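Next come two complexes built around chain A: one with chain B, the other with chain C.
On to the complex of A and B.
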């Protein structure tokens, strides 16, 4: 068995919990009953791998292995060690874009990719939720496709979003071209949204989180009813603002947001720096298990001043988490918050 | 009149190897305490309130000497300084040591080694590396007591790498520019080395502390770094930019939200320096940095941040500050890079003071 196939197999066996191993291997249909029975699932995994490899036919394996990897990958999409996904958006749909179905997409995508890249191996699977998972192993004139560093791509047909994982700058243009052609669009652009959690990005962009407004009850100690009412009003006001900016209920689990600041200095107003034209450069990074919930909490508790700055609300409104902030050219005053620009 | 005395750090060095103690190489001389006036500026107002009565009471200096004016390398072997400071250290404070004698370092080495062995035999978990025997060394690095009042610090690099084996644990105690009135007020048999820095297995740190506690009737406590300390460090490091190149100024806050939110603000080094320069007045030879300048600097950064994000950083906690010259964390960790050892004295003075402030009466 060649090194690559073996490595992939090893990876799968390592990641799969022992009790599920039997089911998975059985589902590949490449071992006889006798062979299946002869496997000992309680062995240490490295030993198990050796025994498995000695019983198997390479040819039958490869296809099944890559499909299994896709499945495993999907089940691990919450795993933070899986690296970063980036979102892209397709623009200018042709008339027949909406009628593209899975088979058509698959044939078209593979054909276009194979046109431009020699030795590429593409696996595709459509899942129950409508997501198309594409796994691409890249090769070239000198090397066979490298299955150890595949690119993953997830696309929901009829939506304009594509999520990409692990593509090199060299291969990206080929990928984009094949995507654009196969989905019957004219162009594709990066969304400036990246995260380790595919689900978070998908939910954010496709607005699949609850937009339900819920009532917030505040319980105050026994004080003057007027004070209580004022508190309740301002607190409700903040809650309202927070929900409008970020959403209500459970929010997508976005973990970071990065802002590159290229604005003029806006610190203490009696500083000479305020008069200058030079930029006060910096980068601000927000991180949390769920930054949208954290930011919403900041607003609702008053840690952030209202109205919510467009810099923060743009995360949900525009579905992105990377921004470059520059000063507005015309009409800017010292106290005005600059609008985010792409 | 100030005597620039020798740098002196009490160091402790535990390395794998045979259970033979390495003799201390350098001769150690104890400076006798004198009761003359020191040249350290008496503080005029307090800006930092420890919240409880500590050894310094409420007297805390409002200004410090800036980084540049100390050239440690003139006074002490730079290699020693570098060895001393490379890497990350965990900070603790320690109460004064009773009957500590600089002349007994060899004896202390033997006793500590014996103690560790005894504890191991009793089943106290100790990390790997000490199985095949080990060596404990105390040593003195001469050269950094700033005033006559400072006790000499004893360092952790006795043989300075000559034996070739890497230490599994290192630590050092020091007192740099300690408050002179306090030091003078100590009863004669007490030595104050309030700042304890350690690196290595926690189990060994615990054993070392335990031995010190028994032997010198002292106690240790965790030394966290308050936001004002972190502010000073941010300003000190930024001030070093023209000389040493800080590459970035990063400040990290944690906001008490659900879930907690970390905010990291990384400022372009040149821009940070321009801001610092605009609030700090250079005033000649004995350059001092005042607390007002530090506050202005930090306020500038926090306000610039606020204008963009409308978030009050003051409702969170400043947890870390870092530049290419070093980093400090509010849980009591510090890392200092010895590209430029000029500012070591100021940093150690600051840390000594933190330790004294934390040390209970």
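On to the complex of A and C.
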């Protein structure tokens, strides 16, 4: 068995908990019953790997292995070491775009991709919630497809959103082209939304989190008649404002919000920065384990003054977390963003 | 500027009212629950506020406040600044034993010593006691509640022994080392 297949197998076995190892190997259907029985699942994993390798046929492996890796990957999508996902959106659907179903998409996508990139290995799987997971291993004229650094792509068929993970700039145009053709659209554009958590991006873009704002009459349920709040009205007002801007309940877990400034420096003092006509380029980055929750908390506790600036509320309203601020759009300077927590 | 005054309203029978002022509004809820649950003999009312001055709208319904407690979270500079600002809105009659400072996170390693020192200096200059409270455990919250109740009963005039608030505060007021040298 070649090195690559072995490393992938090793990676899968390492990641799978021992209890599920048997079911997974059984589902690959590449070992006979006797061979399956002869495997000892309580061995240390490196020993188990050796035993498994000695019993296997390479050919049947590759197809099944990629499918398993997709499934495993999906279960580990919250693993922070796995890098960031980026969201893209398809535009200008043609008339038959809505009627594209899974098999048609698969055949079309693979055909188009193999047209432009000859050495590529594609695995696809449709999950119960309607998501299509595509795993692509890229190769070229001198190398076999590299399964150790695959590109993952997740698409929900009836929506226009695509989530991409780990694609190099060299391969990106091919991917976009195959996608656009297979989904019967005309163009694809970046959404400027990136995060480590796929579910967070999906929820944000497809509006699946609780956005409805009820008039919160009693947020702090103090049933004790002896306890009374002096500033109850203003607290409720702030809480209302925060929920309107960011949503109620559990918010999608984004990690960063980046604002790239391409504006002119405006300051009070006479220093050299003021004089030049050149743009003052800067980047403001907010990061947190759950940035939306942090911002909402800042607003509802009064740390940030209301009303909420549209620069922040557009994270949820427009579903993006990378913004470029230029002079033409508004007089947006750094002073409009709320002061960070002391 | 409307100041909060202690003696402008008539007290009620067997009732004491406490005002907890905290910028973050987190510790005060737990403390209020603990206080109200602990005291069965006296009717204790707790009012929670973020800062002074208090909203004018509540002025009519607000009972006479016997003890004002400022809760300072040493991890936040804003907490201390709000308290400093709020002191200006209290009538000077309050500082004769009806004000108390509660400090949380005093044991936290990340806190610089200057903040605790500045709280103590502030309390010492106003002749008020400082209580350090542990806000993360139930025991700590209960302990803080008990101590506050003791002070509250004295300042509301409900203490069985003939103690006045002024006398108590003279005994319990905060001191900083430079004070002691002068004395």
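Keep this in mind: the second predicted complex is superposed on the first by the 290 of 342 C-alpha atoms of A that agree within 3 Å, B and C clash if a C-alpha of one lies under 4 Å from a C-alpha of the other, contacts with A are read in each partner's own complex, and residues count from 1 in each chain.
Just so it is clear, a residue touches a chain if its C-beta (ideal position, glycine included) is under 8 Å from a C-beta of that chain, and two chains touch if they have at least 3 such contacts.
Everything numeric in this text was worked out from a predicted model, so none of it was measured.
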Which of chain B and chain C A:235 touches, first, second, both or neither: second
First, second, both or neither for A:301, with chain B first and chain C second: both
Partner chain(s) touched by A:327 [first = chain B, second = chain C, both, neither]: neither
Partner chain(s) touched by A:226 [first = chain B, second = chain C, both, neither]: second
Comparison of chain B and chain C by chain A residues contacted: B
Partner chain in contact with A:114 - chain B first, chain C second, else both or neither: neither
Shared chain A surface residues [contacts with chain B and with chain C]: 301, 303
Complex interface listing, chain A residues touching chain B: 259, 261, 263, 265-268, 271-273, 278-291, 293-295, 297-298, 301, 303-306, 308-309, 311-312, 325, 335, 337-338
For the chain B and chain A complex, residues of the former touching the latter: 255-268, 271, 274-275, 278-279, 296, 299-301, 303-312, 315-316
Partner chain C, residues of chain A touching it in the complex: 220, 222, 224, 226-231, 233-235, 301-303, 342
Chain A partner contacts - residues on chain C that touch it in the complex: 24-25, 29, 32-33, 36, 43-50, 54-55, 58, 62, 76-78
